[in-house]
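Got a structure for you, written out below as structure tokens; questions coming shortly.
Labels run A, B, C and D following the written order; every chain starts at residue 1.
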């Protein structure tokens, strides 16, 4: 993240909260490694979201108190977590049958690049000797909705592009992109901005995005933050 | 707040439409969702494709739907038993279609449906009448047939206990086809003996995770008892 | 079974006992419907055979005492059974993964016909409107050994034939045939008689078998019951 | 009488041969059969093909076999972490082969190996570098790749409790790849914290049935404690 970008937009936890707002009561949701993991801590009060961890559990709860960690109760990032009442354990094959069979309402994932068509690149950087695919290809293909939750740019380079140049995780799979600057839907008509973070203008957003963005007229006329 | 419990079986199955594909758990009478079947007889949806292992073993199973002329096609492994007469009659007059599948192939096709696998190869039924017309391929020097996933619009399953989230545990061999069918339908409806508080079921021991169960019906043993007495 | 056949050979329970003798300590074995079911009751003392029932259990025990039946604890024939200590329950898909994955040491099945090449016909009679395949095709293809346990003839008609005329369950799948008259191995050299039941001569056996039988010279010279 | 318990890890793994395919359970350190791995480092079998989800997350995992030059090929989904340096070095000098598989495809290929399915179709990895060179086919308007089963000569798994028959229960997310790998090897060797009497484990709660476990090793926490102190 460049210093310039830090001046505007959502903090990581605000971004996670913004994502959490859109998760509906009763949804089964998988959280990827990185910023998506933060979503677990900011689920709105009174809403029951059942979190899935691909190493084999449903009902992921908050981090344990210090000293309460159990090395046999970890998330997909191998970090200690807790299990909510109603949660359960199963094997990796059952866990991925759940993912690949289309049973999760949403997967919230990080990204290296995402194209204006919803192509996702998230498992291998061109300059690294090894890729690390984990469950990313399964989640993008299997989840009912794929939401990205990421910084808008990486070291000043836009992550939203016309065509991905990094190896693909899956083509045409992303439904919505949440970044520190905006909420953007991937639609048949291209990338449509749904919401701008505080202090972010449409022009600023477009300048930091390497693909054409649209914004609905109706939204602009409603005094949306886009007109700030 | 998650709430999957329905007031009664009629409401839980009200939207089953003509032409729907329905998976029905149970092995003979064990684990058979007989109250959901009875409600569907009452509801009357027609031209159903029904996937169930046994047809005719018990009167309150899929046989009841066949006798009530609600079934267009049956996919099963064991279409015989004391209550198979109506099936035989309808096969003879051509008003029902029967697809016999080896029991393991049936289970695996349903699992594939739940697991996002559209098709897989198996040596079961190769070189037999049940493999006829199927695409074949050699693996490791052995002939295999290509089998396709089964997905239901609805599944009827029977469990022992559920919680509000929809987690299920079963009683002994009551499991049979119930856990796998639960994974393979757009809407899975479970009838259970008991609904307990969230957190009461042992998390190591939940055979059907909540994600697979969409609607719950708690059986009322007393009322059922009265019905039986009235018979 | 013709009246004639009843005069010689093993009774059903003797036949089941003869099969049980050959099951090795620690084997996992599936018993088909019919005479094979009897094998459960005659496992030799001190030998641990873990019986599999395809509706979803390992560790099938003897029939329950009258009044102790549990309709949720049944075998593949839907008859009440018991579970031995060490037994466990699982779903049909897991049960057939076990069968089809080659994990059972033996399946003991009934038959309508078996050919001299080990082809098995056991699921459909030509004169019946419906076949009933159940798990037979899975067991014949998946078990490490397929043993038949059956009457030698059906209403006087031999069940062991040169070529099956009934619909096949699986080709080339039978390893050994136990009947009320004999124990016969299916080998690359054809059907080889391993043992004759009391009172049964090789000639009598051959007369009741519609495929050529062989008997090892070494066996004959050892005073085997074949020379009676 | 069934007796699967071995005296020590060295005897339990003595027959692992050069060139064997080995499945190793665990997800990071949880459910990792680290004592069996340590014994195999000692035993020294070479040219192994190792199938394991994570390589490099912990030092006592598969990374130890790589560092000891026992591995010819790795099949995994996540070959990164603090202990991946030796893997990277060997990839660069061409002494090791790496096959990256999506985690779900890896799990499903192992399940297929255990379930007698030689190959299946999946949309995962279609249109990507990891799907390149694989046979493809359209199902329901979507491109799928054909994936093949994985079967091990041996599997190393970690469980919580076992009984004499070889039934296993796990502790929480310790399950991960262990139950599925147990099904897919000719010889499955489990290290467990405790071996209890037959009948003590809840029959509704056995995650790995006895049929899948061939050898058992009971960990001795005291001795392990001493080793740690001596370090």
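Everything below uses one rule, namely that contacts are C-beta pairs under 8 Å (C-beta built on N, C-alpha and C of every residue); 3 or more make two chains touch, one makes a residue touch a chain.
Worth saying up front: this structure is predicted, and the values here are computed from it rather than measured.
> Rounded to the nearest whole Å, what is the centre-to-centre distance of subunit A and subunit D, using the mean of the C-alpha atoms as each centre?
About 30 Å, centre to centre.
> Averaged over CA atoms, how far is the centre of subunit A from the centre of subunit C? Could you give it in whole Å?
Measuring from centre to centre gives 57 Å for this pair.
> How many angstrom between the C-alpha centroids of subunit D and subunit B?
34
> When you check subunit D against every other chain, which residues touch at least two of them?
108, 111, 115-117, 122-123, 170, 172, 203-204, 207, in rising order.
> Could you pull out the residues of subunit C that touch at least 2 other chains?
83, 89-90, 96-97, 99-100, 141-142 - these are the residues of subunit C that touch more than one other chain.
> Quick one: do these chains touch in a line, a ring, a star, all-to-all (complete), or other?
other
> All pairs of touching chains?
A-B, A-D, B-C, B-D, C-D
> Which of the residues in subunit B end up touching subunit C in this complex?
Those residues of subunit B that touch subunit C are 27-31, 53, 57, 77-80, 84, 87-88, 91-92, 98, 100-105, 107-108, 110-111, 122-130, 170-180, 207.
> Which residues of subunit C touch subunit B in the complex?
Residue positions touching the partner: 53-57, 70-74, 78, 83, 89-93, 95-97, 99-100, 124, 129-138, 141-142, 167-171.
> Looking at the complex, which residues from subunit D come into contact with subunit B?
108, 112, 115-123, 139-140, 144, 169-170, 172, 202-205, 207
> Which residues of subunit B touch subunit A in the complex?
Interface residues on subunit B, with respect to subunit A: 1-2, 111, 113-117, 163-165, 167, 183-184, 198-199, 201, 203-204, 206, 209-212.
> Write out the stretch or stretches of subunit A touching subunit B in their complex.
These residues of subunit A touch subunit B: 25-26, 28, 46, 48, 50, 52, 58-59, 83, 85-90, 96-104, 141-142.
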